[in-house]
Structures are given as C-alpha cells and as structure tokens.
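Every chain is named by a letter (A, B and C) in the order it is written, and numbering of its residues begins at 1.
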C-alpha cells in the first residue's frame, strides 16, 4: 500500500433518477463521471447548483446508488471495494473505518445529548470487537472537540434538535473529525458558520490533509476553498 | 469479515389456504445487524416475522439459525423447522427474544415486574431468590424503570413502561437475535422516542441482531442498518436503510417515502 | 351391612378395569396425571368422587378401610363415605391407622407412619399444579412433557416478593421422582415430608377433573423452594390440648365467645392413641 493508491476511484459513473410518481420523469444528474482521490489531497467540486456535486458525495458514501460505473473505496485493510457491488454490511463497515461524510443537515437523533452525539464514533467497536474507548474517556474527548468548536458547555447535555443551524453544523463537524477516517466527504462544511468558526474548520481540514486524509468537498465560499483545496473539479451539465 | 451469518432465510412462502401472503423472501442476517421490514397493512411483514421466529410454520422455504454450540458461540446453521419443539422452545427462551406490539401479549400481567423479568432465569434453573431479584432490579434500571416498582404488576404500568418491561424480560438472557413487531406503535410520540433510543442503545451495546417490523420509516432509519420493503407479499426493494430511503428505486418505495409527512 | 342389590363397590367391573389401568400407568410414571373416564357417582363433584372411584376400583372383600376428612374419622364426609363403602362392599372398617389396608383421606396424611402394603388414597380437587398461572391445558401438558417448570418458581417468587415468605401453606407443589411436578392435594405443607420415601402406595384421584396420579412406595418427593428460601414446615408453640403431642398438626378450636381457644391434633386417631398411651404409662399432661 503506497501513497499512490487512491482512497477513492470513481470510474464512468452515471446517476439517473427515475421519478415513478411524476410520470416516469427521468433525471440524468451525472454522466460518465470519474474522479480519483489520493491521500493528502483535497479535491474541490465546484460549479453551479444542480450540477450533481452533492450527488457525487452521496454516491461515494453509498447513500445513493450508481446507475452505471464503478466506485472503489479503499478499505481499512487496503482492499479496493467497489461499493456499487458491495453488500450493505460491507458498506456499513466502510463507513465505520474508511469513509466519513459531513452532510449539510445533521440527522438529528431524538433525545441524545450533543456530547453523546459527538462521542458516539468513539464507542463503536474496532476490529477486535471491543469499543475503541470507554464511555467516560469518549465523553472527555468529545468535550474537548466541543470546546474547540466553541459550543457552550450549557448546551452539551441537550439534544441538538433545538440548536441553531450553525451549532448543529459544528456538532456535525466534531462528530466527523473526532475519529478520522482515511477518506472524508464534506458537503458545505462552513455554510452556516461565522468567520471565527470557519477558520477553525479550515484548520481541521488542513490538519487532516497533512495526516494523509483524502478529502472531497463542496465549498461555496471561495476563500475557504482556496485555503483548503489542493485542486478543483468543475461540474458541468451532462452533455446530452 | 469471514463471519458466518446468524440467520439464513431462503425462498420463504406463507399462505393462508390459497391466499399467499409471503412470496419467496430470502435474506441473511449477521450478528449485530438490525434489519427493518417495512410495509403497509397487508404487506405480509408480520406473517414473515412470525414465520422466521418459528411461531407460524411457512408453506415453503427454509429458516436456518446458527445455534450456539460451546462457549465460543460459533455454530453451524440449523433448520429451525427440523428441530424438535422442545429445542425450538428452548431457543425462544434463551437465544431469541420476541417483542410484541402490545406489551400485554409478551408479559404476564398477573405477576410482578420482578417475576416477569426473572422468569427466563428461573426457567433455566436459577434457584436463588436474592440473586434473581438483584438481576431483575438491575435490568429494570437498564430499561429506565424505577427499581422500587419491582413488586408491582404490569397492569399498573403505563404503555411505555410495559413495553420497556417486555424488553427487559426478553434481553435478560442476552439473546443474539431479537424479533420486534411494531415495538413503538400505539405509544405517545415522546414515549416512542425514548423507547427507540433505548432500543438503539441496547442493540449496540449488546451487539444484538434484530428484525424489526414497522410501518414507520423513521423507526427504520433510526434502528436499522438494512431494510426490506414489502408489498403484497413480495420484497420489492432491499438494501442499506439510508440508501433505500434517500434513493428509492422501486415505484412503491418512492410512494412510501414521499407519503410521509415531515414534521 | 352390605346391600345385595348394588354391585360390589358400586362400579361395574369394566369401569374398575379402566380405572386400574389408569392406576397402573400412574404408578409406572410417578407424578404424571393420567386421564380417566370419571363416572357419575352418587354424590356431586367436589365431594371426593375421584378418591371414591380409586378406592372402589382397588378394594377387595378382605380389605380394612379407614376414611378420614381433615384428619378426623367423625366428620360428616368421612362418615358418609365410610357408610357408602360398608353398604356396597361390606368390608371391615376401622379408625385405627395401623389396622387399615386402605385409607381414603381428604386433605391430611395420618400422623402415624404408614407401612408397606398400605394404600393411601387422596381426594384431589385440582390436579394441575400450574392451573392458576396457565389455564390452558394444552399448554400445561406441554410444560410437563418438556419439563419446563420455570412457571412454578414464578409462583413461589411472587409469594416471597409479596409476603416475605412462601405463603402457600397447603397443596404445596412437589417434584416427584425428580421428574414431574405434582399437586399433592390440599394437605397442609406440614404433611409434605411424609410423602417422601413412604413405604405405602399413594394414589390420587380427581373426579371432576378426571385425573389419576400416583407416588409408588419409596419414591422421592421434594417440596419446591429456593436455595436461600428453602421449604420449611409449620410449627406450633403449644402442644395438643388433649393429648399433649408436640409433633402433630394442630387445629385451632374456638371454645367460647371470649376468645378462648384450644389447639388439638387434627388426626383424631393419633390423638386418641397418644392420650391412651399417656394414660396407661401414667404420664400427666
């Protein structure tokens, strides 16, 4: 396993939506899309909205199903796994150890305190079947991350459902960065953040890059993009 | 990832007379996986659950379970309908759990909460009253029931408490597979949320495999990594839960997903 | 005196054969409830028809019969049943436990130890020990067949939880021959230990419920309990107010309306014997 083995390899990916409820309307969002991401790279997906940028991220995470083509993700043990053919179990395992996804909207789980939302990835089981950390250590680590992202301690025991958009976004980021995975997919990570917190997130992304994490991101703010991206891919409407 | 599956279902068919209600369902389930079976009334999802849980014999197909052998837990898949009834009943009491939609169906309403929770242990031969009571008390706390209510009968409990009691009663023997039939239907929303949270936490902590039948997509999303959508006895779509819900392929799945009112 | 117009012991011979077959099966499987074709008897259900049918099937002209009800030979039921057998068989009857070959009893075991060759016939109201917990017979049969007896302990647990002790004081469930759990009929738990390794044959008849079961001689009969709350028998502080015995089951008798009470042996024959033994040895009470 060398530094030239990609973390993500999308080859000839097509994504078509068939809306059966709207008279079988067909939406071709991606056609023949390819992308290769190496460790330490941060690839920016740019282009006008509706061009399929979020779709690319969701395909790479297995949240969307590709209509054609292959999507290879490097697993924790170095294998290139084609997630278009993988079983749900394999994808769940990849998500635990190989690829992370920071979405625009935090899927809020009722009643779980913010600190526990952030600590959760540390309580998952490692390859030996035991949790990576005990609950107290995990919460202590989560607390450090919440501090770094300037979430006031008074909010730590509350479920994020009532938080502002920006606060939810920071919870999301803390949860995704607390346990780094080799491949990270970022969908507008600074969208609701003020300059101070945006700067913190930029730091986090750069630090991850330096550690060899491969990143694919959508950054609407050109300054943020310039600060973190090593290269850019411009998405255009698929040619008919 | 060379683990063998815990449960293997192949070509399962169930019929009531000439009317087929489950038409050729197949799936594998691995330890620690939660599978949601989603569908509307009449989809066959409850019949499927009962057939897999050995409560209602199918008309065709096989259900195999990796029966625990020895202390390491590994075992070959065995056809549950080829077992004797005694073996099936033992399995149902120890390695399996069944959470009913209506808690009264899964509890003894005329004995105390403590007796309900420790019954399985007594059935397995435990004969020390003090220890039985301590374990029951432990589990009541785990499901967030005040342990001082250990001697109260379930008919004095609220719906949510009864459901949590049912869960404790089932999980005390650390089963590897739990069947749940609409575990949160009929409960108030806040009570549902609390229960779902608890189920989510317990399935993770105890590495439970579970099959959860529900008509509620939100329950599927919260609890299950995998999902099967049933319509008219067929499995019309299956896969990763978030994929099926966010990128539904089949027309019926798209209909289901679009029909849910966002709060 | 024997009534010549009634067949010996009232039941026809075919019925006796059927009941004897049931008894044989019951003896072969200690504690197992054998269904039998309970006949209409000249007294209603709930008055001992099961015990009477068992006795009627095994009694022979040279048997000696004793009948007791709550330990006494003199109560109405005991008197009636004894008279029934005198009329239909003409056998010798007795109140002396040691002299009887067949003893039919309602709700007590005689204090005097029994010997080989004697038969004790119990009258049973409810043969199924788990009935109030599991009313479906289809289910209780399965539980017995599969030896799934957790439910019995649920019952005992409930008692401990609510009363601090196992509150069941009669019809206390027992494990027979290490296999079947049995309802010993509403004898006080004080009597349970007498069933264990008894030299006599113990037969149980339930007429309304149509079941016969048995404990052969020298069979193990253990009363259920918990490790930390084992089975224990009742004890009295006072001796019998008539004979002075300290080791028998005592009934409480109210003597006046000022709260005066007396404790006397429930087993009338035992009391009389102890009394006469004390009198003949000149012991004062």
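A few notes on this one:
Methods note: contacts are C-beta pairs under 8 Å (C-beta built on N, C-alpha and C of every residue); 3 or more make two chains touch, one makes a residue touch a chain.
What you are looking at is a predicted structure, and each value in this text was computed from that prediction instead of being measured.
Of all chains, the one whose Cα centroid sits at the greatest distance from that of subunit C is A.
Chain B has the C-alpha centroid lying closest to the overall centroid of all protein C-alpha atoms shown. Each chain gets one centre point, the mean of its Cα atoms, and the points for subunit B and subunit C are 47 Å apart.
The distance from the centre of subunit A to the centre of subunit B, with each centre set as the mean of the Cα atoms, comes to 32 Å. Our note on geometry: subunit A versus subunit C, Cα centroid distance of 77 Å, whole angstroms. Among the residues of subunit A, none is in touch with two or more other chains. Among the residues of subunit B, none is found touching two or more other chains. For subunit B in complex with subunit A, the residues that touch the partner chain are 1, 30, 33, 193-194, 196-197, 200, 204, 207, 221-222, 225-226, 239-240, 242-243, 246-247, 249-251, 254-255, 258.
Interface residues of subunit B, counted against subunit C in their complex, comprise 85-86, 89, 108, 111-112, 114-115, 118-120, 122-124, 127-130, 132-133, 150-151. Across the interface of their complex, subunit B is touched by residues 17-21, 58, 62-65, 88-93, 107, 109-112, 123, 125 of subunit A.
Here subunit C touches subunit B in the complex through residues 133, 142, 146, 148-151, 153-154, 157-158, 160-162, 225-229, going by the rule given at the top.
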